[in-house]
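Read from first to last, the chains carry the letters A, B, C, D, E and F; within each, the first residue is number 1.
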């Protein structure tokens, strides 16, 4: 019987690759993974955006309007709605000139979420990398 | 002996990360380790049987079938496959199609996870 | 030569744009290339925008997709549509380079 | 009116360069230009019909079929397709499979070539 | 009736992508493209390695032995055997510490070729870019 | 933590390796990552090799593929096989990171 913690670390910008989005959909799958697990086991994910990965979390993405594709923003909101923690690295936001109000922070338009985006320092991310069982870099 | 789970997201022809993954799996199984493999993103290109073994292109189907025969579990992301037009009848024998939760569940018991999440 | 050069990446892995010369040079920012028009890393504009003699364009759909609008775009850069790009490459430039 | 040839080497889901190419072709044809398209490398992923239009993934089959209907010529690299397990019966209607010489020959008469040779 | 000149420009290293190799196979296809052309028309290709692309031309590639895949080196030799000019940028070789004897320069093991690799400066490449009809960057 | 970090690119687009700390850090150069072990750009060794406290490995098959051999490899870097990598990640390190 174990609760295994996983850290999904997105280091690259959105849309050039499918992979940042797949980080979010994979993290979300933790909610339904019990069917493949022994009783009492579970996976507990956290999704972190670092480096250029923070560009994934910029608000007002119009990917559905422009290309008919779900935006990375929507996937972030989907995670917040289902209690998957979303962290964004503060130092990288500052480096890229991004303010907190430019970042997806809640899912109010989707009916509201229990949790909101956390703005963290790289030191917090480092600590999380040390304490989880597995690292998944995208 | 350990259990190793490899998750790959790279295309069949291109970065050669899939070639790397199958060779690593082979080396691990030769040492008696158990290997699970999850293919998502462009790596679902393995879920189409009948790939021609040209010398100009990476070809992994043969190696994959060998490893399946020796007990490697391999599952591809079902939605990623359907989005590319790969259906159930395209799947090589011994490969499973499932949702991402299959992979997430494997992370609980596996000793090591090598997640290749880039192209 | 009259060259329209497309940039589709933010972290570039080539330096061809820096080295190439053209009598008339248009740099068309598409895909993640649009970040050169909207992000000031460390407070500084992208080095791409300092290419001498170049005229800069950014594709509006690719700005919108990533959460940016014309209001965010550097004053050197003109926001264009797909139809505008067709006119640029058929009327204004003779060769193209997707770098 | 001009003739524009677009060569693309990018995967169906990923960089969105294929999405870009079909939209540019659409815009060019709307202005009365003739468009030819060559798909090689991972862009041969368009040569598998029956791609599911999920909202989470780039989907270009519908737009491509529209453009073919309006007269766009589109050809995929035959060897690149076979190496990925895509056979003749997989090809969407109106798409041709040929060797690279088809593309090379198009460069003679075309007014403009946009060659998208990266992922 | 026209002989159209094309410049294939490889700017990225081999094996991370299929595309540098496809530059060579596409250039080679110029030899057989007549079947799709009007009488008297032809395409005349040159392949240039610039930037990190010069790494494609390093000798003694063992891709067939290691991964069962034709090496980029073999494709370069195939081009030389059929008179497709291969150019390598001298400044980039120097920058990456490569000497001429480390670069694929002929196809002697394949029975010999009429032509050998040309070591050129970027200024020569610039001139070629200006004079050809179309540019194909990889 | 005991971390095995894989680098598969020559021109990197992330800076995670520079920022990450580990009590024990192995950097395994695979694919085009092997160029960090064999190319001296402008006469200088790759900045990757200056990561403090790290142990460096390069995959022999990926050196051979690209025309290099153990003789070309920087003295800091140990040449390893696939079987060696299996042992490294199962015995020497606890977590992996494919950057």
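Keep this in mind: a residue touches a chain if its C-beta (ideal position, glycine included) is under 8 Å from a C-beta of that chain, and two chains touch if they have at least 3 such contacts.
From a predicted model like this one, the values you see are computed outputs, not experimental measurements.
Asks: Could you run down the chains that neighbour subunit C and subunit D together?
Replies: Joint contacts, listed by label: A, E.
Asks: Chains in contact with subunit A and with subunit C: which ones?
Replies: Joint contacts, listed by label: D, F.
Asks: Between copies subunit B and subunit D, are the contact residues mostly the same numbers or mostly different, with half as the line?
Replies: same
Asks: Report the chain whose mean Cα position is at the greatest distance from that of subunit A.
Replies: E
Asks: Which of the two pairs, A-B or B-F, is linked by more C-beta contacts?
Replies: Greater number of contacting C-beta pairs: A-B.
Asks: Quick one: point me to the chain whose Cα centre is farthest from that of subunit B.
Replies: C
Asks: If you average the CA atoms of subunit B and of subunit D, how far apart do the two points sit, in angstrom?
Replies: Chain centroid spacing, subunit B to subunit D, equals 28 Å.
Asks: Starting from the mean Cα coordinates of subunit B and subunit C, work out the distance between those two points in Å.
Replies: Comparing mean C-alpha positions, subunit C is 38 Å from subunit B.
Asks: Please tell me the distance, in whole Å, between the geometric centres of subunit D and subunit E computed from their C-alpha atoms.
Replies: Each chain's C-alpha centroid was found; their separation is 25 Å.
Asks: Multi-chain contacts only, two chains or more: what residues does subunit C have there?
Replies: As it turns out, subunit C has residues touching two or more other chains at 8, 11, 13, 31, 61, 95-96, 98-99.
Asks: Where in subunit D do residues touch two or more other chains at once?
Replies: Residues 13-16, 41-42, 56-57, 59, 80, 113, 115, 117-119.
Asks: Find every residue in subunit E that makes contact with two or more other chains and list them.
Replies: Residues 12, 15-18, 25, 52, 67, 133-135, 137 of subunit E each touch two or more of the other chains.
Asks: Name the touching chain pairs, please: which are they?
Replies: Every pair of chains in contact is listed here: A-B, A-C, A-D, A-F, B-D, B-E, B-F, C-D, C-E, C-F, D-E, E-F.
Asks: Help me check something: in the complex, which residues belonging to subunit C touch subunit F?
Replies: Touch list, subunit C to subunit F: 11, 13.
Asks: With touch defined as at the start, can you tell me which subunit B residues reach subunit F in the complex?
Replies: Listed in rising order, the residues of subunit B that touch subunit F are 2, 4, 15-17, 20, 23-24, 26-28, 30-31, 33, 111-118.
Asks: Using the touch rule from the top, collect the residues of subunit B that touch subunit A in their complex.
Replies: Subunit B reaches subunit A through residues 7, 9, 40-42, 99-108, 110, 113, 115, 117-119.
Asks: Quick check on the complex: what are the subunit C residues that touch subunit A?
Replies: 8-11, 31-32, 35, 39-43, 61-62, 64-69
Asks: Could you pull out which subunit C residues touch subunit D in their complex?
Replies: Residue positions touching the partner: 6, 8, 30-31, 61, 81-83, 85-87, 89-90, 94-96, 98-99.
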